[in-house]
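Alright, structures below, take your time with them.
In the two complexes below, subunit A is the common chain; its partner is subunit B in one and subunit C in the other.
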Partner chain A sequence: MADLIVTQGLGRTFGKVVALDDVGLHVPTGQAVGLIGSNGAGKSTLLKILVNLLPPTSGRAELCGVDSRRLRASIFERVGYMAEGQHLPRVPDVRALLDYCRPFYTRWDDALATRLMATLDLPPGTPLPRASRGTRMKAALVATLAFHPEVLVLDEPLEGLDPLTREQVVDGLLELVSAEGTTVLLASHDLDVLERLLDQVAMLHDARLVFQEPLETLQARYRLVELTGPAIDATLLPAGSLDVRPMPDGISFLTTSFGSDTEVTLGATFPGATFRIARPALREAFIAHARTLRGPASTRGAA
Partner chain B sequence: MTVLPHLIAHDLRVHGPLFAAWAGIVVAHPLVAILPWHEDAVAFGWVLAAALVAARILLTVMLVAGLVQADSPNDDSAFWRTRPIRPATMAAAKLSVALAVFVGIPLIVVLSVALALDVRVSHWPASSAGVVLGEAPLVLAAVIAAALTRRMSTAVVALTAAAGVLAIVETSLLDAVIHYRPWLRLAETSADFTWMAAWVGTWLFGAAIAVWWRATGRPAAAIASGASVIGVFFLWLLPATYASAGAPDGPQPTVTRLDVWQVGHGVKLGAAITHPFGGDAAVSLSRGLVTVGSHEQVVDTWPLGRSLSSSERLFSLLDLSPSAVAKLQGAPVTVTAHVVGAITRHRLIATLPLAVDARVDSANLVGTIDRVYQPTDEALTVADVTATFLRGTGLAFEPITWSAIVTDRQSGRRRQLLRVPNDGDDLRSFLRLPILARPFERRHQSLRAQGTDLRGFDATARIEVVAPERETSVLPVTATLPMPGLPGGIR
Partner chain C sequence: MLSFRIDLVPGVPVYEQLVTAVTRAVVAGVLRPGDPFPSVRTLSQALRINPNTAQKAVAHLTTLGLLQVHPGVGTRVAQPAAAPRSASLAEMRDQVSALALEARRRGHDLQDIQDLLEAEWRRLEPSTRGTRRG
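Coming up: the complex of A and B.
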């Protein structure tokens, strides 16, 4: 089955500012891809282009096999889009919001909406006009999931939420994704919480796609290494070592090419040194990548 | 429920309270107009009526902006843009609500006034069309401004600025037309209906261009939109629909002499022009250009009050300093202009007996004679008439005023009667009832003779109800005369 989300050579500029540059991304059907990157990396711009809120300057983006510039309104019967800061309609409460949305969808599911509200601890009578950001986000999420979307495009859906609410939102997403095989492209900084949801991770930095690969592969080849011992020469680190940082009696770094022979190689390169290897959380891996991309001096080899 | 009615119902529910407040202002306006104002409170009544008009216009723009921007077409954060709602459906919903509220409610108010005044149903379509054509341009302009901006304040400022720029550009273009293209016919000489149809059509065209502009990001589209809105004022392609009186018999307009006189610290240069229109015509100088030395001035003016004679009028041409006049004395002054004569003719609407309950029932006047007085030397009132005036709507091309002439059958003597409004009626004026209640006006009036002995008239007399009709004649005038010197006493 063709990928439901594809970008090819995608570019977008705002005046002289390059927001996206030659981005090629694909989200396989039924998978959840997390889009990570620093502020201003181009995540929101990419998602807006996908749903035709912005036109691309170059290249193309496809959603459900349709060029994003030619999307018809009916595509949103299959695609759910939610973004942090999105204005909700002027309605008094959650029930009114769902009443507003229901006539737009042929596959609207009141039972699912009720279940999601229960999962998110969101009573239907919850007032919206003066609600907290978290409450409004949860309401928007219910309105985005209750019609069984095939594709979900979510831009910072956890931004500004407290830890409990974030877990509730991810539970809500998981409920749908696991039950229906929804394809998800999600931009977020809350990598710890989302890790259990994602199949793949794609990283944007300075408008360009740094990598996109399955989370399992990423987790298999990424390790945080602390190397201690006398006279450790960082220049001898193997290729693909990122975010090399000094520490008392040694250095720490992120290796992006961990394998069965990594320990042997390190032992041979740094005789007498002791090393501690740990699997990094996605957040740690992202931070190491981001630091490296900001300061290339601490990089050894390519990711 | 399909999407369109759902969106309309949602907007009416959400914005309903504000729309109701707006409707209150609309209803208040005709109510203010028919209140029996005491003489001491007349000034307040005028201010209140003017304030209601201003409030209505401002609130219209604000509420339309609120309505449109709640689902902004150009805001990335708008909820509807990522829902299965076609832009055309959303636009149709917004336009439907805006027109239903901001045109529909005035329409209901006007037709209610018509009902209260017992206006004939046959007048309702024309009056309705007049209201629609009067209200729709403002609503459409507000919709466009709101659709192109994201904040209500920005929309209000943008619309005000656009109106200002439009006025400046049009004024400049007017001067340019007079200077370089005197053969262009200006829209102001077209009939109301033609003008309004073109105006509304242009706004719709502008809206389409504006949407296209937002979609494509091409500034050329915005320029085309602005040019089309400005261009509507220069509709030389449309026929001139004023009634032409043709070229009257008699000598063509001639500048007989130039004259200077002191005004404050300056001096005015004027031209005395003879014309063939007669003493009753309103004569003006239009699309003119006067040149003397390095001084050049566009002339578009009514004659001064100090008419020299019925066929000669004095027109102001230039403001100069006394020293400039002294310096320019004897230099050639070139005047190229058009003398416009507005000639009023009386069209007979009805002839009725001077008797109680006699009715006049014309296209724009429905009235009944309530009382007839026996004329004596002391009492010159001839009749009291309760009349409903149906003002021009721009569609019917009907006159909006009338007068009466009483004729004695036996002697054949004719006298024009003055209409004397009763106390308080003068408040129901054109300004008090602008736009909304303007199509209708009821007055109770006395018809009086102009201080003439009417004892020769009796019950066999007839009243002719006549309506003034204006015909226009435009004649060119060109002259080059020497600049006069300063008269004595001017320094």
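Coming up: the complex of A and C.
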């Protein structure tokens, strides 16, 4: 089956600012891809181009096999899009929001909406004006999922939410995705809470795509290493060692190429040193990765 | 509800955790040969995980010979092989050799490792259904 989300050589500038540069991203049908990157890396621009809120300056984007610039309103029966800090219509409560949205969708499913509200702990009578960010986000999510979209395009759906609410939002997404294998592209920093949802992770940095890779291979190759011992020479570290930092009696770094031979190699390179190897939380790993990419000595594509 | 226990922890691939939990349940006798195994859809909904992840785990468990897919019937826990393949012990040697190397590098003695191995071995011994920690 064709990929439901594709970009080819996608570029966008705002005046002299390059927001996206030659981005080729594919979200295979039925997969969930997390889009990560620092603020200003181009995530929101990419998602807005996909749903035709912005035209590209070069290259192209396709959603459900249609060029984004030719999308018709009818496509939004199949696509659930949530902008960052999604704006809600002026309605008194959640029930009224769903009443407002229902007529737009032929596949609207009240039973699914009810299940989602239970998962999200969001009673239909919850008032919406002046509601917290978390409550508004949950309400927007119910309205975005209740019509069985084939594709979800979500911009920072977890931003600014407390840990419990983040878990509930991920559970809400999985209510649909685990049953239907919905195709998802989602921008977020909160990778750790998204582990159950994502198939792949794509990283944008400075307008470019750094990598797109299955989550499990990323988890397999990222490790935090602490090396302690006399006279550790950081220049001997193997390729793919990022965010090297001094510690008392040694150094710590993130390796992006952990394998079965890593311990043997380190032991041979640094005789007499002791090392501790730990799985990093994904969020920390990518912060370290982004820090290295931003640093003066960085090279692009160090992954 | 699932008939085996799994508590997903962050940081470790979900697919690996699922394979380990099912392997543990089969070895410990919580899941027995011929038992029906939940569908990919049931697994993904019960664990709230991506169905692709559940599918990958089931495919891998099938390759390992722990599950058998019967078209039109569903997936069941497989009958154990009558005798381990001769290649199996050779494959174990690689893992044991890595363990021995790492233990010596850290300066442990053989007795420590034998005690550890024995304790872990006993933890996996078949027990009454449902009482074993997954």
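Please note the rule applied: the second predicted complex is superposed on the first by the 297 of 303 C-alpha atoms of A that agree within 3 Å, B and C clash if a C-alpha of one lies under 4 Å from a C-alpha of the other, contacts with A are read in each partner's own complex, and residues count from 1 in each chain.
Methods note: contacts are C-beta pairs under 8 Å (C-beta built on N, C-alpha and C of every residue); 3 or more make two chains touch, one makes a residue touch a chain.
From a predicted model like this one, the values you see are computed outputs, not experimental measurements.
In the model built by aligning both structures on subunit A, subunit B fits alongside subunit C without clashing. In the superposition on chain A, A:A220 contacts subunit C only, with no contact to subunit B. Here the apex is the CA centre of subunit A, and the angle it makes with the centres of subunit B and subunit C after alignment on chain A is 150°, in steps of 10. Shared-chain residue A:L88: touches subunit B; no touch with subunit C.
When the two complexes are overlaid on their common chain A, residue A:N39 makes contact with neither subunit B nor subunit C.
In the superposition on chain A, no contact is made by A:T235 with either subunit B or subunit C. Once the two complexes are laid over each other on the shared chain, residue contacts for A:Y105 go to subunit B alone; subunit C is not touched.
Nowhere in the superposition do the C-alpha atoms of subunit B and subunit C come closer than 25 Å. Within the complex, the subunit C residues that touch subunit A are 8, 10-16, 41, 44-45, 47-53, 98, 101-102, 105.
Looking at the complex, you find that subunit B touches subunit A at residues 1-3, 6, 10, 14, 70-71, 75-87, 89. In the complex of the two chains, the subunit A residues touching subunit C come out as 30-32, 170-171, 174-175, 177-179, 181, 192-193, 195-199, 215-216, 219-220, 260, 263-264, 267, 279-282.
Contacts from subunit A toward subunit B in the complex involve residues 48, 51, 53-54, 72-77, 79, 81, 83, 85-91, 100-101, 103-105.
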